[in-house]
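Two complexes come next, and they have one chain in common, chain A, joined by chain B in the first and chain C in the second.
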Partner chain A sequence: MSDYDADVIIIGSGTIGSHVALQCAQAGKSVIILEAGTKLPRWKAVQNFHEDAAKRNWNAPYPRLPWAPHSYMEGYIEATGDADFDYVTSYLRVAGGTTRHWAAACWRLLPNDFKLKSTYGVGRDWPISYDDLEPWYVKAERSVGVSGTAQDDQSGQNRGAYPPRSQDYPMPPEAMPYSVQRMTSKLTDMGYSIAHEPCGRASRPYDGRPACIGNNNCEPACPIGAMYSGDMTLEKAVAAGADLRTESVAFKLETGEGGAITAVHFRKPDGSDHQLTARRFVVASHGLESPKLLLMSDVANSSDQVGRNLMDHTGLTFSFLADEPLWTGRGSVQHGCIVNRRDEPSRAQHSAIRYSFRNLVPNLDIAPDLIEQGLRGEALDDAIRDRAGRYMQISTMSETLAIPTNRVQPNPDWTDSIGLPGLKVTYRLDRYVRAMLPQAQRDFANFAQAFGAEVLTAPNQWRNQFHIMGTCIMGDDPADSVVDKDCRTHDHDNLFVVTTGVMPTSATVNPTLTGIALAIRAGDTLVKEL
Partner chain B sequence: MSPAHTRLSRRQLLVSLIAIPLFSPRSVFAQTAGTDSDIARASALLTGRSTLAPETAMRVQELLSAQDAAFPSHLASLIRALETASGTDPQTLSDSLSDTDAATALAILEAWYLGYVGSVSTSSMDYDGKFVTYLQALMFEPTGDVTPRPAYSKRGANYWSAVPEGVAAPAMADNVATWGLAGLKPTTSPPDPDPAWLYMMQGYATTITAARAALAGGAAPLTSDEVNAKSLAAAQASAGAQTTGAQTSDSETREGDSK
Partner chain C sequence: MKHMRPILVLLAALCAGPLSAQQADPALVAAGKAVAVAGDCAACHTNPEGKGDFAGGYGVDSPLGTIYGANITPSPQGIGDWSFDQFDTAMRKGRAPDLHFLYPAMPYTAYAGMAESDMKALYSYLQLGVDPSDNVPPHTDLGFPFSFRAIMAGWNLLFLNGDVVAGANAEAGSAARGEYLVKTLAHCSTCHTPRNALMGEESDSFLGGGAVGEWIAPNITAGPDGIGDWSRDDIARFLATGRNAHGVAGGEMGTAVERSFSKMPRSDLDAIAAYLVSVPAVAGNGPVRGARDPASIPDIEPPLSGLNDYIDTTDMSGARLYQAACATCHGWDGMGSVDGAHPALVGNTAVALDDPGNLVMTILNGAQLTLDPDASLMPAFGDQFTDAEVAKLASYVRTGFGAKALAPVTQAQVWNIRNGVVQTGWLLANAKALTIAGLGLGALILIAGLAVLIRRRRRIR
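Presenting the complex of A and B:
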């Protein structure tokens, strides 16, 4: 009989925790997954979307749990920062995690993204290289089911097929929407490099999923499951033997002799406390929730870096009416982007930038103003059609640097229904991010000119992209980092932290695929030593 | 809407004759939510549509009444004004209304077009908006042949690469729709922008006509140094503290952040 409740306990059932769980369960290890939230089937999320007034509130269709508040619930996140920027982030507490409502962009970092300090003299280097992670990216792309083309230059630097890949994407890209054809036609002439956005949407039937048919509802819920979400991997992990325990909020990791973690304490919605023991513990609870648990437990923090170095892709959004019909909204919510500024020498001075074309059906963006203006009847309908056809929105993904003063901490001044603290975030935009503004304005001016734009929203308001990085930062030096290259905490041999929060650089791409690659790699480490 | 959309084929007619009495709750509900109610008549006149579902109209009335106890009397005033005005053109009718009646009309129209009443938020659960309808929300009707009501695509994979209905596509390269290196890639670097367009991007004008007029009058876009200085000053403007859940309930038109 074992002395432990499980070989490994994983805290968090999102795509990252589920990938670790799947790997361990498939190798015959006993696995318990603790999830603070509840299960919500896809059909119910879609029904909730249908019946809620706030169609553009990506959290709205998901559970609102008083014992596991999500980021949009009143008071849960108290943010302090710059006068011209409101820190907002969007994540869920639900089985399967926040990929339940993502847009499924599945990028690899570029090789230089792993060595920002040594290449450009700013930020940090990773303790591993692109080449180290490349085989794990391959596994991640297969698990998620990514559509993309290896024959593209994702750096925008005339490097041919780049970054280097040992294997092609598991599925070809979806067709290019007409609006992106128009973007490509006009902007390529100006010198801009348009790349396909690799995505976790099936472009043909894959792994039990149908091909995307353009429901244009990736956020907040793909109605047909063509888009990957973390609950798919979670189901596989459970089928492989992992024991999923929902409504179980981890609030303390207990340390024993020699610094080993001996137990996790968790609280149920009725306020009762429980504990479980394991050989290994994996904190995979999202980039803000993971450091919260570590700080509440006073573990893994000899460096004082837990919760610090918070990064997002805080950037700008430009929406406009073109002088021709483009018809965004046909297809998924995003397909292509402009990559010229991802890896230029200017990264030594300011943020790298990627420009992403948004492809939402824009009726909700334009109809309220037209109604307010007094248009009625046919004039209103004609104006909606005209403007919906000419609407375009382009956002920047701007690279931020790991700054220790940008941080998340538990907020004891606010507690949820079971007495656990909220979050306190301090986040300011430094000169490095702000100095991308002149470059972005110049590029946006060129885009605007190419399409004879009438401005709806000028690109001068900062917004987060909800990509959390840096909060459990990875490094070789235990004095200034939380986890090592294997996602193992420097302070506790049997405690791993696997989240996009370990990423020491933010680059300009959605971090989830990198998080999944790290998860599969950490799972491999766990299986070998258990 | 083309007549084809409202004309039933023989097969559709047979299906509907069989289906409605057996399965549709509407036929029962319609007895209490008739097309002759004030809200149904006002909705028809304001939207120019005679086919609006009466039970949805009743829902609009219930929700607006819950929001404002004076709504029934406002509605009575509105329907009097609409039915004593001449003509049936929604624009003409609306333009003839008093400010009070116009505000009532606006609330009804927003409910029908947007599919909800009250305010909503993209970044907080603290909103009072109430759902009215999604599949009948009128804002999607003018574009229904080109784009889907989100989550309700009626087409197949990759339909979106075709030229949209009603669009005369400009000439494009043969490989324009090819992703990757076999598609179009630039041979030059992006140019310096035209000052008037840059001026617009800095938030000083929304149309190129206005921007050019401003530049002709002596205005100029900010230099990079000025942009940076302005940005750093804005960061310091005042103590910036807020709670996520308590942010302004910005309208749905503002957000488009991706994951």
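Presenting the complex of A and C:
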């Protein structure tokens, strides 16, 4: 019999932890998954959404647990930002993780995103290249079930089908929504390149999932399970033998002789403490929670980089009424975007930008103002109908750089119901991201001109996109990074950290697919050495 | 006898090998492949590890143990040494060349009616058109008394009718051709005809409805309890795609559609339809009709204050479970989507059968056939619901969209269905004692029962 409770203990049951768990369990390794939150079936999230009044709060339909607070629970995250910017982020603590309420954008990084420093002289380089990760992207796209267009040039730089792919997307995209057709038709002539957004939403029956039927409710919950969410991989991992233990909040990793991690200590909602041992430990608890656990345990931090280098796609949002109906809200909540500022030479001076079109049914965005203006009855209905048809919202996904002073730490001044600390975040916008402003304003002005826009929200308020990167940064040098190219901590041979927090560059795209590709790659490493 | 078998096989391999190939006709191979599809041989003779459609090893679970499909490829481990006569005897009389009796999980009572020409074609295909595999399927061992295969001889005397069914070469699409297919290759009556006390098919209730494990094989006669309101096109569409306005094929029928019916020529599906609309009506084993009892809006939508910790599910009524999990596709009123991609529950056979097996199995495992490009699939809800929740949900669906008169589903019923506990009855449960007491007839009945109670577990994770 083994001297350990498990071959691998994975802390966090989100899509990343579940992918590592699935691989290890399928290879016959014993796996325990610790999850702070509870299980919640999809239908229950849908019911909560139906019955909760907060329709634009993506966290609202998910459990509010005093022992595992999520990002919107009062006091849990104490953030310091800038005068013109409040740091806000959104994530869940629930079995399956925050992909329970994502929009399923499944982008690959571009090759240059892996070598920002050597190409543009700013930020950092990854210790691996796009080519290294490419086969793992393929596996990630298959696991998630991504629909996409392999022919697109996702860099918008006339590079042909780009980035290079060894295999096509597993599914073709859905039909292009009318709003994206109109955007394409008007903006292409102005020099903008519009690409389909690859998306983890089934466009035909896939892996036991029905095809998307356009509920336009990806966030906060796909009511039919057409969109991928982490609980799907978690279910597979459990079926393959992984032992899921919910309501188990890891709070300390214990170090033994030679620097190896020997045990994880976790606390139950009743306050009782427990511990488990394993050959390998994987921290996969989200980009803010993972560094919090490492810092609370005082492990993996000889570089003093744990929790630092926090990045997001902090940017600007522009909403307007077009002079023609665009009818957003048909199909998936995001479908197309402008890609040609993703990889331009100006990256040496300021943020790269991707402009993302929101494709939500906008009634909820426009009705409150109209009511406030005193409209009632038929006049209100007519105004909603008119404006909902013409509404468009465009946001920048702006690249930010890894800056050590942007950081997350445990906050001992606030504790949850079992005495564990909250989070303290310091996140300021540097010149690199602020310097994109003139470019963004020129582009927004072009969009406004093309659509005869009546401006609703001017693009002057900075906001996050809840894409967390950098906090457990990956690199070759143990002096300035937390994990190596395999997501193994420099300080502890048997401790892996797998989260989008390892990403050394933020690029301009949603990081989840990259995180899953890294997870599958780390799972492969674990299986080989166990 | 068990110990002699390998020696017999070895002798057969040495002596009979070349003989068999000479009896097969290369010109018949293509025709034989179509016969194999129509007979759905691959359903049971496939290899679960991907060694081929006919390499054997697929486990057919029965309440008494697992029966493994044989290797029927042209290898010494398969039927490569069998002469045509030996093959013919196995197919029509349930006896393999070494004189051992097949269990009636192999539907030889239906294949007995095959035309000589089809039998020769099938033999030619299996000998010449299939790659040999040396796979040795696991040994089927059902334990005493069922291991004593010879008692099948008595049952065969009672229930094996060896008459060939006419119509094999009748006009394409004709009812005569349909009758031949239904009664022989498609072996519809194996599941859809009720069994008598000795587990033989009740000839006067032909296609009047039967059971396969947890699944109900409904009445498919041309009457009010059967499919009297299905048009010929409805029937052919169901066979081709597993769907029509009346329901979706699940369980064994889903497998049959996927592997067999959907690959048959449309003229044969039309023929089956033409015949089925003429099958004399039999009462019972069909959907229960009558007034429905849909939930009122207050039952469905409690006040917003109903949410507590966003986790608690104890007070969820069947109606609210339905609204949360099902209504997005099937509609709050159970009418499905207007384009038909998501089936209506009102008028759906599985919803309104007296036995809730098909409804509960569909909730647990979903409906995963994707042959119809215009249709969606239903994901499995087995991991999303407790047994108590499935019971509440199924009860609501039955009375709300089926008929008020349908009995509620209990948590215990759901547990049994989820865990594959089939009601085996007193005889099967007491088989060993009865046999030891010398009740040979009892054992005979029990063996025959296997034909009815076979249960192929198709859990889709």
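The rule is simple: the second predicted complex is superposed on the first by the 530 of 530 C-alpha atoms of A that agree within 3 Å, B and C clash if a C-alpha of one lies under 4 Å from a C-alpha of the other, contacts with A are read in each partner's own complex, and residues count from 1 in each chain.
The rule is short, and it goes like this: a residue touches a chain if its C-beta (ideal position, glycine included) is under 8 Å from a C-beta of that chain, and two chains touch if they have at least 3 such contacts.
All values derive from a computational prediction rather than experimental measurement.
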item: Chain B versus chain C as contact partner of A:W102, first or second or both or neither; value: first
item: Touching partner for A:P223 - first (chain B), second (chain C), both, neither; value: both
item: Touched partner set for A:G208, first chain B, second chain C, both or neither; value: second
item: Superposition-derived comparison: chain B or chain C, residues of chain A touched; value: B
item: Chain B versus chain C as contact partner of A:W67, first or second or both or neither; value: neither
item: First (chain B), second (chain C), both or neither touched by A:F251; value: neither
item: Touching partner for A:F451 - first (chain B), second (chain C), both, neither; value: neither
item: Which of chain B and chain C A:T149 touches, first, second, both or neither; value: first
item: Interface residues of chain A shared between complexes with chain B and chain C; value: 46, 50-53, 64, 204, 211, 213, 215, 223
item: Contact footprint of chain C on chain A as seen in their complex; value: 38, 40-44, 46-48, 50-53, 61-65, 204-205, 208-211, 213, 215, 223-225, 235-236, 239
item: Contacting residues of chain C [partner chain A, same complex]; value: 301-302, 304, 306-307, 309-311, 313, 316, 320-321, 323-325, 328-329, 337, 341-342, 366, 368, 370, 376-381, 383-385, 460-461
item: Residues of chain B touching chain A in the complex; value: 46-48, 89-91, 93-95, 106, 109-110, 113-118, 120-127, 129-132, 134, 138-143, 146-153, 155-164, 166-167, 169-170, 172-173, 176-194, 197-198, 200-203, 205-208, 224, 227-228, 231-232, 234-247, 251-259
